[in-house]
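Structures incoming, each one as structure tokens.
Below, chain A partners chain B and then partners chain C, in two separate complexes.
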Partner chain A sequence: MTIFTLAIKYLRGRFVASTLTAVSIALGVSLVVASVLLARGIREGFIAGATDYNLVVGAKGSPTQLVLGVVFRMDLATPNIPYTVYEDLLRDPRVEAAVPIGVGDAYRGFRYVASNSAYFAAYPWRRKAFTLAAGRFFADNSPNEPSYEAVLGAEAARSTGLQIGDRFYEGEEMAEYPLAVVGILRPTGSADDRAIFFSLPSYWGMNEVARAMVVKPLTAVLVRPKRMSDLPSLHREINVTPDTQAVLPSGVLLTIFNMMAVAEDVLKMILVTVGVIVLLYVFVSMYSATIERRREIATMRALGARRASVLTIILAESAALATVGGLGGIVGGHVIAYLAGALLGSSGLVTNPLRFDVFEPAVLGGVIVLGTLAGLLPAVLAYRTEVAENLAPLS
Partner chain B sequence: MHRCPNPTRNSRKLGTWLAAVFLAVNVSLAALAGTEEVPRLTFAQLVDAIRADSEVTETIKSYNGKEVAIQGFIVPTGPPDLSFFLLSRVSALGNYCCEAPVGQDETVYVYTAKEVNITYDPLRIFRVVGVFEAGMRSDASYGPSLFRMRDARVEEALGAKLLKTADFPNAAAKP
Partner chain C sequence: MSAQSAVVLHGVKKAFPLGGGRGLEVLDVAHLALAPGSCTVLRGRSGSGKTTLLNLIAGITAPSAGAIHVDDTDLFALPQARRDRFRAENVGYVFQTFNLLSALSAIENVVLAMMFAGTVPRRLQRRRAADLLARLGLSERLGHKPAQLSRGEQQRVAIARALANRPPLVLADEPCASLDARTASEVLEMFLAVCRQDQKTLLLVSHDAAAFGEAARVIDMAELNRTEARRKRT
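After this line comes the complex of A and B, so read on.
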């Protein structure tokens, strides 16, 4: 019988205690793995969902609200700006592309996004591509003849169950202006999957106030300049006007990442504490096991086992516990991240919670080393067990 | 008597330790100085390098393909992972309290090599080291540009770091 089979036999001898120790290691590790995966998933979700346009122009106010509302559709829409802002930007010689956007209501929580065909246009510089799974895009129509045609994002279509040709509206007063589904988009991995798109004239036509307005309202304009180096001057010119602000969306996201980093630091401290508690638990478990086993160890020694063998057995036991717990924790962490990702899925922020990461072998290695170290003191205790003392009759 | 600790030997030991620490510090300083050897370009040099026909001078072109360091503000015009951004003499997000925004003559298009691991701050100067490229060229993703840096890495500007340490002597020396 080798030392390792002996160690495994000992562990199975204390089956309940060993299982609980391994489970507590697994829980600690899965907490660490799940937190790291989710934090990274949220960050990557933001990066993947970022707009290809470099400047977002909207009403004065919070830049964060403007970007979260217009690009990620998470915050409330900012106040309106006049349509002339878009026309001026379109005429600006420094601007290569400008896209008007109106956001406001929603159907069953899926936001209405009014724009024109430029929103879906494929430019060579665009990373994002819009393709239709079914139907066609809505036509750009004149303000007087709104078509009330809608194109649904993949998730919006799946969740609402709307099909091409279906008509829908939300709220009784909108029954007069039902939207007809003419197209369904393929998934893009961004907030656009949960949006319902239609033309700006339809957007204005649905709203009593906007119908009567001479200069129609917009929420924001997305801008791509011909030269990136013109962005600072565009940004400034728009920001010094009393009504509009220009925002670099990446700047807003980087600021959000900085805030998330503070929360992640707090999380790291909590995780370290959890790690220490788990290690203490392993230590206590191995320690009490060794105390209980003094007599057996003394017997083994009396039968000729070397001190080093006894030391190795205890270390092998804690290493085995740490390995099983660590592997279980990595699997568990992915499961937790997947479940949490599915739970947060409606906001569409978490991406790839199942992807294996390079940090995980490091976590597993660390757990095995630290878990083995937690068994070191009990092992030394076993090493120093005096044969004569512990073989004395139990009175 | 001979069991008493020998003060001279102890102090000699201490001296050896001190010498070792001193040496280690010197070596690390030398390593720091090693990164300083990358030639530094300033925005003033870039402006001076532009001729009337909006071409750039041969002097600045001599840096083409070489690694240089430029210090400036990060204007995050590319994706939020900072794989591309503009490095400018003026911060784009400081409300331009003191200076008007600058154009392409004082803007460097930076393409980073790998993940940028900095705490982004629009009001802070960063030191960017990368392979320099001068001359008008157009890029499918980011349009025409005059000055570029490729395979770039972003560091905190050393001056700013020293100031921070001096201001907060109790702060942990965390980069």
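After this line comes the complex of A and C, so read on.
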């Protein structure tokens, strides 16, 4: 038997109290780990999902709503703009690439995104490339001949179970225009994994109002200028028009991160409060345990235990509780982040909560140090236990 | 100091502070010497200083004046850590209320004393504890926690723990006071037999001096403790 095994036996002797203390530490650590993982995951999700295009052109309104709706599919789509906006941009000599986007309803929560083959084009400046896991891309057909062919994002295909050749529609009113699956994309780690793509003619063909319109509607146009120096003039010119706006996605991302930073500051304060409460709980638990066994501590001293040995036993107990709670908290934090990530994923943001992060050993080390320190005062109390006084026979 | 004595007290006084610079003297022993291998019984009324005397000899409580030698070592000339170590190696202490550690089994309680002393190699500690418990009739109770043992069994575990480091001096503070008469007699018989076999110097506090036979030296606290004697006279 060693001092450490003695400490473990004492903890096991107070199983319920020890378990509750370790669980409280684990809950506190879980909250910290989950918060950090989710904040990091959300940031990385936004960055990974950000578009390679420099401008998003859409209807006048909230720039954030436009980017969230068109790029991340996290918000309601903004009002429509006429197809001629896209045609004008395509003709503009400053524009290298323009991609029309129509964001529609959804099938079982997976957003309909209409575009043309340019959306999947492998430009050299694109960070992500679209490749097919099965089938082919939909046909770029003429406005009067909608193909109703769909290409599914990887997660949309996995979750719906749809396969090549399957036909589907959402709502009885759409039964007349079922979409046929012709392709399934490989995962991209972005909101595109949760999208269902088809052609613009199919998009217009499925909507009664759009069918009747001479100038067809769009939700937005993604624009890449030939030169970055043209970006300010394009941005300015589009923004002075009465009906359209041009938004820099990077600017919106910055706005989102700034809003997140405010939320993170509030979260940090809450987490610090939780940490202090948990440390107080450890302190109270160890303090009451030490008070309860003053007689046993006095007995150990009478048997020859040095003051330093008694101090070490109490510190080892609090360190063991902090270690178990800390490890449990890290596991719990990943579980919470995974569950919360699944919820976020359903809203279009893909995170990777199971990835181990370098901050976690630091969290564990910090928890062990602070948990041990929480046991310091009870340990000093044990250190200073008056032996003869506490050995007196019980009345 | 006699080289023949296992324990020698000379001019030992103990007073507990009352505040305001005043103190309550509870013990004043001019001289006491215990021969090695002897059995001595202390008796006296409650509050006569019996437990205080044991705590002084164990080095648990410091005297207000005087010197205490155990096995030729001046206890209170040692720094505290060395005095703790000396106690672990040389003094076995049996408490009236057993004072077993509730989280540990019988054998672990005995091993505990060896762990603090460090005189028995770790690999031999459990075997030695098991042998001691077997000598005290507890070979079937090694893994039992104190709460699973009878009071008599608990006191036998406490005796095994006191003897674990083969201390030359064993102190016992009314070791059978909380046992019924029959169990007390059994436990005491075992205790004395083991101490005799191992030639321990035994100093006990007991109200029943007759139980220890004619071989035991009986000391009345009223005679040994001058404070108690003064109190009696007044």
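Note that in this section the second predicted complex is superposed on the first by the 389 of 395 C-alpha atoms of A that agree within 3 Å, B and C clash if a C-alpha of one lies under 4 Å from a C-alpha of the other, contacts with A are read in each partner's own complex, and residues count from 1 in each chain.
Here is the rule we use: contacts are C-beta pairs under 8 Å (C-beta built on N, C-alpha and C of every residue); 3 or more make two chains touch, one makes a residue touch a chain.
Here the structure is a predicted model, which means the values were calculated and not measured.
In this overlay on chain A, chain B fits alongside chain C without clashing. In the superposition on chain A, contact of A:S233 is made with chain B only, not with chain C.
Taking the C-alpha centre of chain A as the vertex, the lines to the centres of chain B and chain C open to an angle of 100 degrees, rounded to the nearest 10. In the superposed model, A:G161 lies in contact with neither chain B nor chain C. By the touch criterion defined above, A:S250 lies against chain B but remains apart from chain C after alignment on the C-alpha atoms of chain A. Once chain A of one complex is fitted onto chain A of the other, the partner contacts of A:M300 are limited to chain C, with no touch recorded for chain B. Closest C-alpha contact of chain B with chain C, superposed model: 23 Å. Residue ranges on chain A touching chain B, taken from their complex, read 46-47, 50, 54, 96, 124-125, 127, 225-233, 235-236, 239, 248-251, 253-255, 257-258, 261. Contact residues of chain B toward chain A in the complex are 75-82, 85-86, 88, 90, 92-93, 95-96, 100-104, 107, 109, 119-122, 140-146. By the touch criterion given at the top, residues 1-3, 6, 9-10, 12-14, 295-296, 299-309, 387-388, 391-394 of chain A touch chain C in their complex.
Within the complex formed with chain A, the residues of chain C that make contact are 51-52, 55, 58, 60-61, 80-81, 84-85, 87-89, 91, 93, 95-97, 99, 101-104, 108, 111-113, 115-117, 122, 125, 161, 165, 174, 177.
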